[in-house]
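Naming follows writing order (A, B, C, D, E, F, G and H), and every chain is counted from residue 1.
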Amino acid sequence: MVTFESIKMHLNIDTQRFERIGQQEVVLAENKSRLQLETICDICKESAEEALFTRIIPIDGVYLAENYTSAKWIESAACLLINNGETLERYSRVHSAEKYQVSIVSGGSSDFRVCNEAALTLAYFGIQSRIFPDIGVAGIQRFFDAADAISLAKIILVVAGMDAALVSVCGGYFHQPIIAIPTSTGYGAAFQGQTALNASLSSCAQGITVVNIDNGFGAASAAARMLSMLDKDSVI
Amino acid sequence: MVTFESIKMHLNIDTQRFERIGQQEVVLAENKSRLQLETICDICKESAEEALFTRIIPIDGVYLAENYTSAKWIESAACLLINNGETLERYSRVHSAEKYQVSIVSGGSSDFRVCNEAALTLAYFGIQSRIFPDIGVAGIQRFFDAADAISLAKIILVVAGMDAALVSVCGGYFHQPIIAIPTSTGYGAAFQGQTALNASLSSCAQGITVVNIDNGFGAASAAARMLSMLDKDSVI
Amino acid sequence: MVTFESIKMHLNIDTQRFERIGQQEVVLAENKSRLQLETICDICKESAEEALFTRIIPIDGVYLAENYTSAKWIESAACLLINNGETLERYSRVHSAEKYQVSIVSGGSSDFRVCNEAALTLAYFGIQSRIFPDIGVAGIQRFFDAADAISLAKIILVVAGMDAALVSVCGGYFHQPIIAIPTSTGYGAAFQGQTALNASLSSCAQGITVVNIDNGFGAASAAARMLSMLDKDSVI
Amino acid sequence: MVTFESIKMHLNIDTQRFERIGQQEVVLAENKSRLQLETICDICKESAEEALFTRIIPIDGVYLAENYTSAKWIESAACLLINNGETLERYSRVHSAEKYQVSIVSGGSSDFRVCNEAALTLAYFGIQSRIFPDIGVAGIQRFFDAADAISLAKIILVVAGMDAALVSVCGGYFHQPIIAIPTSTGYGAAFQGQTALNASLSSCAQGITVVNIDNGFGAASAAARMLSMLDKDSVI
Amino acid sequence: MVTFESIKMHLNIDTQRFERIGQQEVVLAENKSRLQLETICDICKESAEEALFTRIIPIDGVYLAENYTSAKWIESAACLLINNGETLERYSRVHSAEKYQVSIVSGGSSDFRVCNEAALTLAYFGIQSRIFPDIGVAGIQRFFDAADAISLAKIILVVAGMDAALVSVCGGYFHQPIIAIPTSTGYGAAFQGQTALNASLSSCAQGITVVNIDNGFGAASAAARMLSMLDKDSVI
Amino acid sequence: MVTFESIKMHLNIDTQRFERIGQQEVVLAENKSRLQLETICDICKESAEEALFTRIIPIDGVYLAENYTSAKWIESAACLLINNGETLERYSRVHSAEKYQVSIVSGGSSDFRVCNEAALTLAYFGIQSRIFPDIGVAGIQRFFDAADAISLAKIILVVAGMDAALVSVCGGYFHQPIIAIPTSTGYGAAFQGQTALNASLSSCAQGITVVNIDNGFGAASAAARMLSMLDKDSVI
Amino acid sequence: MVTFESIKMHLNIDTQRFERIGQQEVVLAENKSRLQLETICDICKESAEEALFTRIIPIDGVYLAENYTSAKWIESAACLLINNGETLERYSRVHSAEKYQVSIVSGGSSDFRVCNEAALTLAYFGIQSRIFPDIGVAGIQRFFDAADAISLAKIILVVAGMDAALVSVCGGYFHQPIIAIPTSTGYGAAFQGQTALNASLSSCAQGITVVNIDNGFGAASAAARMLSMLDKDSVI
Amino acid sequence: MVTFESIKMHLNIDTQRFERIGQQEVVLAENKSRLQLETICDICKESAEEALFTRIIPIDGVYLAENYTSAKWIESAACLLINNGETLERYSRVHSAEKYQVSIVSGGSSDFRVCNEAALTLAYFGIQSRIFPDIGVAGIQRFFDAADAISLAKIILVVAGMDAALVSVCGGYFHQPIIAIPTSTGYGAAFQGQTALNASLSSCAQGITVVNIDNGFGAASAAARMLSMLDKDSVI
């Protein structure tokens, strides 16, 4: 009874978003049925436009990658990429790039997926980033070892769960815009990222901005807004 | 028994902050005793450096302004300003400036103090802002009337309490970096700003960043970090 | 040991509800065992009365539809409909009807199921509605494109998750009764719909009423109460 | 330094609200400074338009009533009324009216102020209501004694704190639209009205709508929206 | 490596509980491993004493019933009963008994399991109860129909989820001790029973006591404490 | 404008409560205006009936005691007692009575007011109690010293703040009905009594019932319900 | 009516605490009436024993110091000290001591009172501490400047509000036992210290223990327990 | 696409932790992908160093134990141990050791896993502990039976869920350092361990320290910090 046609009517794509805010719409796959995801893939297929789906569960990611030749399932970021041009190339350099506009600093290796979602989204928006993994405050010398390289970027994303102490350390040390991405790692009093979120918002360092828990995509989009203030020529 | 000398020892001022992050330390007056505030004023008096105290209660603000000739109590922002140079001049233009780097858009006239704290802090950091008051979503034509003027700035701060719907409207309309400042206006299910905070973090518009509830200072500091990415010459 | 007979005793159906409040009882399937659901189906079978089950999980919905010829599993609304007369006909027109008493405006395609539960319940109560999908505030021009059609209805339901900004936009724009249905879409600070709920309750627009999170049925029932104020003749 | 002129600029009155939604703007006095309130009074004075301020603290209410001859401080509702015509007349009949469009049913005498805010706002919108005080479920015979009189109205507002049990009793008994106004009465596990709010939203009766805690104004505004569905002639 | 012997050491059974408080220990099966449950069954087997396990998951309940001849899996109450004597007999009469010391009044058929856990525990403690199912406030005439029969008992347990309005109705109507058992039925603002719990604690009726969410066992144990105040002879 | 007459109409006293539940109505003074309290005092004066007001603030308590000769302000319990007969006599024996039906065990001397509210309410209902103060678990020998005397009563109330550990100690030691009264003493993670409340509800001892935070009145009322199960002759 | 004698009966002092746990009882003044405080002072006067009252409000502290010659009001710690011997001497050296067993590291000057409560309690237990004020992570060089001096102690207390990032920095750097004291400084998302508490509990550094919000006394008591493991001779 | 090499780069092991804080890093397995866990196992294999993984899910624990000969899956503690030397030997004595530095007291047999995680971590740090299981306050004589044996240790860990009453009982009875480990056992108002956590933080006994919910590892690490204050020779 629920047919393809009836579903298609439910999509009301914001085709003017790029003109207004300079960024394409990105599809939040979570909470969408497979039928809805397939409908969007069909539209992309027709238009041959690039598209990015975030927070897609593995079983859907693999299914769509198998059924649409233009779709790639990026397990490390839990994303699906369609008709990608240079996005994957940029993403492949997130641990090795020597020139990067955004540093993504991570508190622990459990925040892996969120770092990658941010890096992939930046790549999708045409921005090269570099990930500095596992810079936990519990071994603070690791922070100082990486500090010079981190500060080569124009913007710094700090991905941190639990107590998110890394956010304040970065905020007090770097002059760049800092975007905190609290993550849901930890248990008990970590409250699925709420503690990291509140700690980031209450940071003793000044001028920190914060996005939603695990929202690598949102931080990347915010960073892209900031970089758009610069002359296009200065962009890598 | 608690003497001035013993208190003074408790201050451990971060004198290198400007060198590291390009911004002076600002004093959070809330929760500090009057004795502590006086000690800081004395230090400022000796050094003749400019200083800003935020979230100061009226009785302390008036007292200090009466006892330190260099101190001005800014009731509209609940701030104290010491040895100010051009800061007040910039602040006096927040409703009339024709050139401004930051637009401060406000959801309702109850958010007045927070808007002013942001504008005064920006002024203190050398940045001209303009306040667009009372642009509530409940009468959305007011938003469209002001939209062109708002978009003249490089960065947009959105000050909004209750449901913070203005944040998403701005986020979907402007390409600039958007910093949401949720406020504690409202009652009942507004939960002292927590609803506005969570709504801002969950905004359906992409690339919004958020600061703590009522944190006009923090948003201003974040905006200053972003503007520091630009050539100094382009700054008004 | 737990037999059919002993279960049947546990049902104490409110047979006078229609006389009192003008609406039949609707069965909340969630948290009921399959044995309980079967018992209710048996009673319906005997009485040949129409019945509606909401929030039924797919495995139970499919099972009952297979075992009771009068039962239809409506996947798009997660409902089961028994002995339906014109209900499905009305439901089939929710995207195409030209005359409708209720407009159901939706913030995003993830709120699909809740919209459908509201539309199906309205159909069950004899009321034609129309769904306006995907009118997110992040692309506000979509709202203005649909506004005239939305306002043809007597009552407007606004289905919105995350920050529920659409609620205030509608509340400030339309003169009709507005019923907000906050949804559990979103993650992190969306807190399973609690943020959308609190934002709706704190709306800056005046005269908004709110139902429980994801409660499409409840909003439909409230709308039916309101429409019952009108002359029956004016009903489509 | 903060002058009258600079304040006035902060007001951006939504002058088209009546045309759009059929209701005047009502001023939420809470969180506004006295200077802001005076500015609004001055504007009303010039325009000679009727105005209503809700949630005004006694000291401000008395002050304004003393300084503006057109202003009346209504202590029982914590409201200020300006240039009122027939509003007070209607309000004076809330315990005696024989014809009324809205019944306001109250769980306990502590909810007094909220009932009155609703009744006064309705009067301001041209609607006669009647208050049925102290109909607590703990002595349920009081409910049945009043039930017939309550049901003479077109719409029923239920004002209830603590566990808000009255909401479900009304919802299961009357066919009219029901608007629950949870109140902040009670202590401990009443959580300043949050329990009454959540209980109202989770009501076992179907088709209940809910407004914010203590929001008598909002419920009145919602009732006015609903009544506007009717022919003007049928309005008392 | 984890052997039976090492587990057995972990049990430190409170063998004097009956002497102290007049009730046997009851085993909370939830969160215990199957190995732990088997160890307890073995001990019971040796001692041939009666035992009751509550909150046991079906897969464990069935497994133990299959492996210990003295064990019976009571699906309707999610309990396991070992070496039972007259307990099951009493339990089989919970819908038909004409003499009963405890009335168990239930708000809706979704609270079925909790009612049964209470009735079975009472039976285990030698007390006959009767269940009055589905007495929801949404159809309050059902309450008045059953009120006389309910009041034949010495103690009344009220099992209610969502807004738990039934608790106040009973508390205002009956003179007996009332024990409220809030349940986790409902969704959204029902918050897994927290709303029912807080509503019960905030009841407008006086002298209500409350146990933990879904805690049929605890309410039965409390009722047994109360009944132990009476002469043993008066017990059925 | 708000006159005595108009207020009086707001009172809808439940005159049949004693007949139904065997207890008089008790007035919760909190959140009532002084005018409302005076109205109730006037009614009592006319009827010459005994009355009890709980949770009355000192300034109102003193005022009413000064203006109504039949009223006594009981500071230790924050209550007002009107036309009292033997109530005060019983209350004066709460530390010395040798025969008592209820033991009130207190965790710390900060819970003083709540203990007294319970004892006074019991006295008002004709029941003698005895208070066992300061039996904190931090010095558990104090508990064992008093245990025999505590167990002379038929019912035990446990008044405990912070972690409410005393509740479980009593629950595991005594066979009587136990009613826990969590209190709001403590700070930080005590969360105004919520921790004591949740700890009482989660007690590892079986058969504990709980009332609202600081609700001495409610516990007394519940105890009176339980004692009413006994032959009147056995009551002291 | 409430007389001194009747109050005295309410005190049930734990006279054996020192023997059991090696520490005297300390009086939590908060929530005690002045009459209760005076009673305790009278008992101390008779026994001539040293006593410490924590969390005493200034008006009570000053009053008692004026009325009991043996009592000293310590404003900086919000404590009252009775019959003190060497306690004040030790307390006077908290900023200058060269030998100290406990380092008290503080995140900001707003945590002043809590630091002092910890230092005074330690002094009362015979332990010398040293306070390292204002070591905020926002200027992390201040931490490294003080690190060697901090590590001279056997135990480290970390007093930190807002995001409590200092806790993890200390935990990852020092080998000593670390006790985190979260404080209620900060606003909005700091949630009166709950964020600092949860962040401390979720610290990414291993082996941190935590006490209640603002609980300087509790941390001092815990440190005294730890130091009691050492040979008495090694204590300063 | 996600290859072994790219993952390995994400590990940034804190090799200097032992030198700084005297304890090896322990791997929190939760939230790490199997690929990440395998990478760490590979590194351990190369270095032949001992390692401990906590909070590992059974399916991963068994898989790694089957694929790495040096790895042992310890189901009772939900841990994986690699290249262990004497750790398992110490762990095998946790119920029989006659000499032990740490007593682990447990409130109920459901806290089994957490006790074992603490005991195994202590063993890994070279410390012998002894577990005293099932010492629940509901049968307090069990506590007194074991008290002498418990007090033979230098440090006492108290593992307790639900209301955590055992924490205060121990805190008031023993002079040793007490570390409370609240656990997530219980349901409803136990709130997944939050009630036990808050009760422990609000304990009426003085000088208790607390770790995160279920954090046996953290408590063990804190105990090791404390024991490191002693002469190494006194360690068993």
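Definition applied: a contact is a pair of C-beta atoms (placed from the backbone, for glycine too) under 8 Å apart; a residue touches a chain by one contact, two chains touch by 3 or more.
Treat the numbers as computed from the prediction; the structure is a model and nothing was measured.
Undergrad: Count the smallest number of chain-to-chain hops linking chain E with chain G, moving only between touching chains.
TA: The least step count works out to 2.
Undergrad: Taking each chain's centre as the mean of its CA atoms, which one is most distant from chain C?
TA: Of all the other chains, the one whose centre lies farthest from chain C is G.
Undergrad: Taking each chain's centre as the mean of its CA atoms, which one is most distant from chain E?
TA: B
Undergrad: How many angstrom lie between the CA centroids of chain A and chain G, rounded to a whole number?
TA: Using C-alpha averages as centres, the distance is 44 Å.
Undergrad: Please compute the C-alpha centroid of chain F, do the same for chain G, then give the distance between them in whole Å.
TA: Measuring from centre to centre gives 35 Å for this pair.
Undergrad: Give me the residue numbers in chain H that touch at least two other chains, ranges are fine.
TA: Answer for chain H, listing residues that touch two or more other chains: 17, 20, 136, 138-139, 171-173, 188-190, 197, 201-202, 206, 212-213.
Undergrad: Between which chains does touch occur?
TA: Listed by label, chains in contact pair as A-B, A-C, A-G, A-H, B-C, B-D, B-G, C-D, C-E, D-E, D-F, E-F, E-H, F-G, F-H, G-H.
Undergrad: Under the stated contact criterion, what part of chain F meets chain G in this complex?
TA: Listed in rising order, the residues of chain F that touch chain G are 74-76, 95, 109-110, 112, 131, 133-136, 138-139, 141-142, 185, 187-190.
Undergrad: Report the residues of chain B in contact with chain A in the complex, numbered from low to high.
TA: On the chain B side, the touching residues are 17, 20-23, 25-26, 154-155, 171-179, 197, 201-202, 206-213, 217-222, 224-226, 228-230.
Undergrad: Taking the complex as given, what residues does chain G use to touch chain A?
TA: Chain G reaches chain A through residues 107-108, 136-140, 162-165, 167-169, 171-173, 186, 188-191, 194-206.
Undergrad: How about chain G: which of its residues touch chain F in the complex?
TA: Its residues touching chain F are 1-2, 6, 9-14, 16-17, 20, 25, 28, 30-33, 36, 55, 184, 193, 197, 212-215.
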